[in-house]
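Handing you this structure, nothing more for now.
Letters are used for the chains, namely A, B, C, D, E and F, taken in the order the chains are written, and counting of residues starts over at 1 for each.
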């Protein structure tokens, strides 16, 4: 390849000529590109431009798209994931997220909850022996589904397969369990479940109805294998201090806008069909008498009237009544209520 | 420290071959022997380090419209330097790497790092990044070449490491073996990752 | 003569020997019947009786709730006991009217009209509509709708479907032997209603006596031809039958009327005859109770709504352990979770299988053996549809023929990997419909 | 053997015997990156054919009329890559503006190809290649044809790869094999299948 | 316009600097490379016919071969030339030394890219040493009736080497004989 | 599930054909038994040993991998056994015993299990195993072949017909006809320098033409048909293979499209181009090409492998024609004497594309 210059001295032509030629090439191409970028300019979404700027421009194709520009285009217009650029690494992802305005804050993130406690496995009463494609969607279509409860989980794991984050597993009771750490709230499982048993709930709500049966109470008791069906008795609704529970079609449902995590409903449910994640871990309020000014605000917010005291006098919490909902804590102007 | 972080990330976390899967052509073409792999790796490291340095130095005077051509010119210059120096002092290696030396120019890692890292960071960090990525690249090449050379020639760095009765499995140093070896190595890495 | 048939198809053992030789006998009035409001394709009928009301046999108890819907009549006399959810022969729960018999068996008055063929077409159609007839070959399409093709689709041929290609079933066969004249008359009525010049009766070669008898009856009829067909499943499927008999292809996604053909089951023809001549509503039909688990397999003329359990009881009950109860034939029928289902107008048979025969093997990965592709009567790529549905590639599934499948089950029958192709296709169709709705 | 014969040999060599991807190890990144879908594979293939042909032509001229006469062959790399990169970028802009439909199906792949070994590779290889008599160096037309056929060879294996990978999307692969590992193994298998063309005496 | 010129100018500067640097480095390395190549060629030739002094001869078809002469007596010790042909997957180039009677003194494979482990083994002495002392007419692999034992599994490569040397040697001999006749 | 006492409910159809995967696979094995018997008869116990070694290795590898993958172990279905068997059939009897072992292991691991096992592999595992062996140990695969006792490797037994004193006349030619396989001879005769040489050695008579004629004459074809030649274990006797093929066709286990179009293409092309350059054609020529090498083994037992061949009917025709074309091209101008395995492998790679391009139109659907 190298036809060699036989000169050993640094002559002008040995250096000047190449400088001239390649320099000229550079000038020509620089000009062409500059002019062309003007003449052939095409309108594109400014976000696409911005992302192109951010991307490495290596055009390596690792993202599976047609080069960096193609990927940028796909992010903006095609809903492509933003973490596909290999050379860019994590910095680039963060930058794209910013451009796309996709930063989700973690406090109000939602996670999936399964509203059935049968788990479709050990606990369900079976209508027949199912032999067929092992997916919920297919089974639901064969004689109304293999489990006696036509609302409950069939346990063929469509949800589990749909979850690309491995957030769903089966616990020792054969119930499908959602790992709240891993769940991203993508909702894939919600779409996958043919019985519509899965629902997205804000992560800071910890009380769930574990049943979806709209059958009448007697029937529900008959068909439910887990023995924890919601029979629509309405006791929970009555117990709820904030009226977050309503009964429709023989089924209780919680309004998470209102729910305060107190867990009263769960302890009241005769069939134990309400799951309370905080059970046993709730603390109770205690008012530090030092700081209490007797403003009565806490007594007013307490849903169960566990706080008593006269105006301008030190208030006290009735431990027998306090349910640990923590509503009073942030309301106290003096910040003297503590959970212990 | 940030410097060491940038330096070491290419070894495992952002390994250009096993994790980022970039620059496969030289990876597969030259790993028929460890010495070739090492040579290619170091050559690329040199280019990467130098081009990162320059790109990071000139980052403020490059107009965006001709950014890529400029980077390419910078990279191509260093590649040509490597090419010429190698031809002069390491003729045997130069010959066996052949076409793949000029092709370092288009190795996606190099342009990618120039764009993604060097054009946004200071010179020191860019050098760290270049060396780190380059050594990560070299490391991967050596690993692949080790497997291929031992299986396919029964030697490592030219030294016989298998019993004389071993009849080398030629395919390992041929094209199909290159793909398959890399495939299995990557699967192995996936497996280890899964275990964690 | 080379027998006519269609391309593709399979040859399952026909298993008709259980009940083929049993002439049709009457099933005595049962204790109760369950009359489903959805016995047909289209909107469920609207009940016109209330709980506790007494009804006569033949009395209208639910009326059509639209054009594509059906009248339902009481098939016994007695008391309306409940309007609620009951097991449907498709295996699912569905709304039905339960009538408890009062053993009076009094029927609404019928009158004979021997000159029925001279009636105007409108009247004929009205009588068919009033009688609540839907197709009795399985799909259950309301017959009055099928017999009202739009003006721009002239019908020239009516084909009676006496193929009965499903293994085990013999109800159409026995009906052809018992009521050949009436069926022929029914065919003439249909031809008159749709204005067709030509009539055909398609029968498979495994029913030689039915072919012979029908040929004898048609000997004098110039426009009516009995077509003997080669034995091959699914010859009874509309498009395949039309092709076998007339060499015409129904366009994909189209209806037979697009090529000037109407197909009716022989049982439907019989019901049409009765409806037109006597104005008798469709309240009974012939059903085969058959299979290795039935003590004495029979072909019974039973009131619509009779419970399968009662019918089986009448046949001497079950011998051995019951593994599977299939409503309909074994290729397309539905396995039931229990026998407490009331038969519908489309119930042509009940097949009872033992445990051994009922078990199926686990699915394996598709071998790509192409057996399914080779035999698909619709010329589709069943394995590809199934696999595409499994891996959520609906576009590919559609390209491979998802929407053209008639769910005949031939593919799943031959698949050595035991892939439940039809169930995958079913799932795919549901998902496809969901996806379309979203668009 | 006339020139047609020569072309035939060149085509067979570039497509089957010395396939760019499987035998020469060039253009592997797009081969593995853009073979996930059949449609993109076809688009990419067409774009590669176009660029390789174009690059072969222009670099031949640069080589012949600039580098060789002035004895600056050592600047080959820099001259070629600069030319190719600028040219492709230019063509891309032109297509994007004037033929949006073409751009959608083909043009979007252009930037991906600029910095692709296959293109620079063919340009460099052309400068040292000989005809089948192994004495006559490639002339202008030879170079263009070689670029074209090399692109075709790339496209053939890219499209076949896409077909196979789409099949693998619908298979129960072991978890650790999913993605790149299986693609590489398929590539290896393809290379092995192409060994049938080795040693052709045409 | 000025803006465009500026862009072009910047690129020009970069190109100019780059090529300047490269040109400079080239002036440093080129001689080394050239010298190395020349030395290698000489070394190879000397290894084939040790102790000789080489004179370039241009054949009538333009190709080049070398006369090896005794530095003292100027007696012709033999000739060296390059032979090449298409092997299995590459062009195999051999440098050959023959004595004045055109018996092979030694050969050396100077360029090949055959399959590693197969054809590439042709550089090993166990293969090349077989050629020593053979008359050029006898340069056939044993499968073609000669005495050269081909490399295991690489008959094609071996055959191509033998054939290319034979053909080229005959050409060279004819050339010399003609030249001598004139 | 606590539902054993309940009725079974499954989707339609409720009847099933009796054919199952093990059923199919073991039938194919059975159909290969005649070929194995012939090979054992010709070459003795070693042929049997190599074959069973390959088959057993394949089964063991499959079991181990399935165990590691924690999926059900399905080696009883016979597909691994068949793969091992066919791989060994593609090796000659003089090969070292580790060759089928390594080959079968590669075939099962890289050719099949990494893709998820039966039904998912893109190319024929046995042929991949063979290609792997060819690329890894070409010497072992191409040397040390053994002829059937009492016969020449090439099947040409009537040497005097070529020339009474062939051995003296041209040792090279003699060597060729006694120690190369039929296709090897045919290939060598396409080397013009070789041909010029032996013809010159024989003093100008057309030795090459005579050899080629003997190769394609009835007597040699008979040897090819019964297997009195050198070759790989499984391919040796056309008769035994046809016997097995007939059984499979009768049992409807293999379709007729691929074999017919494969062999048909070879027939036509070899009739047109199969002779020596410049020499005429003969109707025996196609038979030579069909009975020699692995063509029948390939066409009936390997190009018909379900998993790696097109699903569509038209696709299978294209596949057959493609295989035939490539086989002949490789045999005539390629680098190997035999092209069956590579041509099938190549067409395997193209199978997904063929399937796409030949999707059938549904009944009643009109072309757009």
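In the analysis below, a contact is a pair of C-beta atoms (placed from the backbone, for glycine too) under 8 Å apart; a residue touches a chain by one contact, two chains touch by 3 or more.
Keep in mind that this is a model prediction, so the values were computed, not measured.
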item: Intersection of the contact lists for chain C and chain F; value: A, D
item: Steps needed, at minimum, to go from chain A to chain D via contacts; value: 1
item: Most contacted chain pair (by C-beta pair count); value: C-F
item: Label of the chain whose CA centroid is most distant from the centroid of chain E; value: C
item: Chain E and chain F, separation of their C-alpha mean positions in angstrom; value: 43
item: Cα-centroid distance, chain C relative to chain D, in whole angstrom; value: 60
item: Separation of chain D from chain E, taking each centre as the mean of its C-alpha atoms, in whole Å; value: 31
item: Chain centre separation in whole Å, for chain F relative to chain B (CA means); value: 42
item: Residues of chain A whose C-beta touches two or more other chains; value: 2, 5, 17-18, 21-22, 25-26, 29-30, 33-34, 37, 58-60, 62, 127-128, 131-133, 138, 141-143
item: Shared-contact residues (touching 2 or more other chains) in chain E; value: 7, 10-11, 14-15, 18-19, 22-23, 26, 30, 33, 88, 118, 156
item: Residues of chain B touching at least two other chains; value: 21-22, 65-66, 68-69, 73, 76-77, 80, 84, 87, 108, 111, 170-171, 174, 176-177, 180, 187
item: Set of all touching chain pairs, with the criterion as stated earlier; value: A-B, A-C, A-D, A-E, A-F, B-D, B-E, B-F, C-D, C-F, D-E, D-F, E-F
item: Touching residues on chain A, where the partner in the complex is chain C; value: 127-128, 131-135, 137-138, 141-144, 150
item: Touching residues on chain B, where the partner in the complex is chain D; value: 21-25, 28-29, 68-69, 72-73, 76-77, 79-80, 83-84, 99, 102-103, 105-108, 111, 171, 174-180, 182-184, 186-188, 190-191, 194
item: Residues on chain B engaged by chain E in the complex (per definition of touch); value: 32, 61-63, 65-66, 69-70, 73-74, 76-77, 80-81, 84-85, 87-89, 91, 152-153, 168, 170, 173-174
item: Of all residues in chain D, those that touch chain A in their complex; value: 29-30, 33-34, 36, 40, 43-44, 66, 68, 70-76, 78-79, 82-83, 86, 89-90, 93-94, 96-98, 108-115, 127-128
item: Sites on chain A touched by chain B in the complex; value: 2, 26, 29-30, 33-34, 37, 53, 55-60, 62, 86-89, 91-92
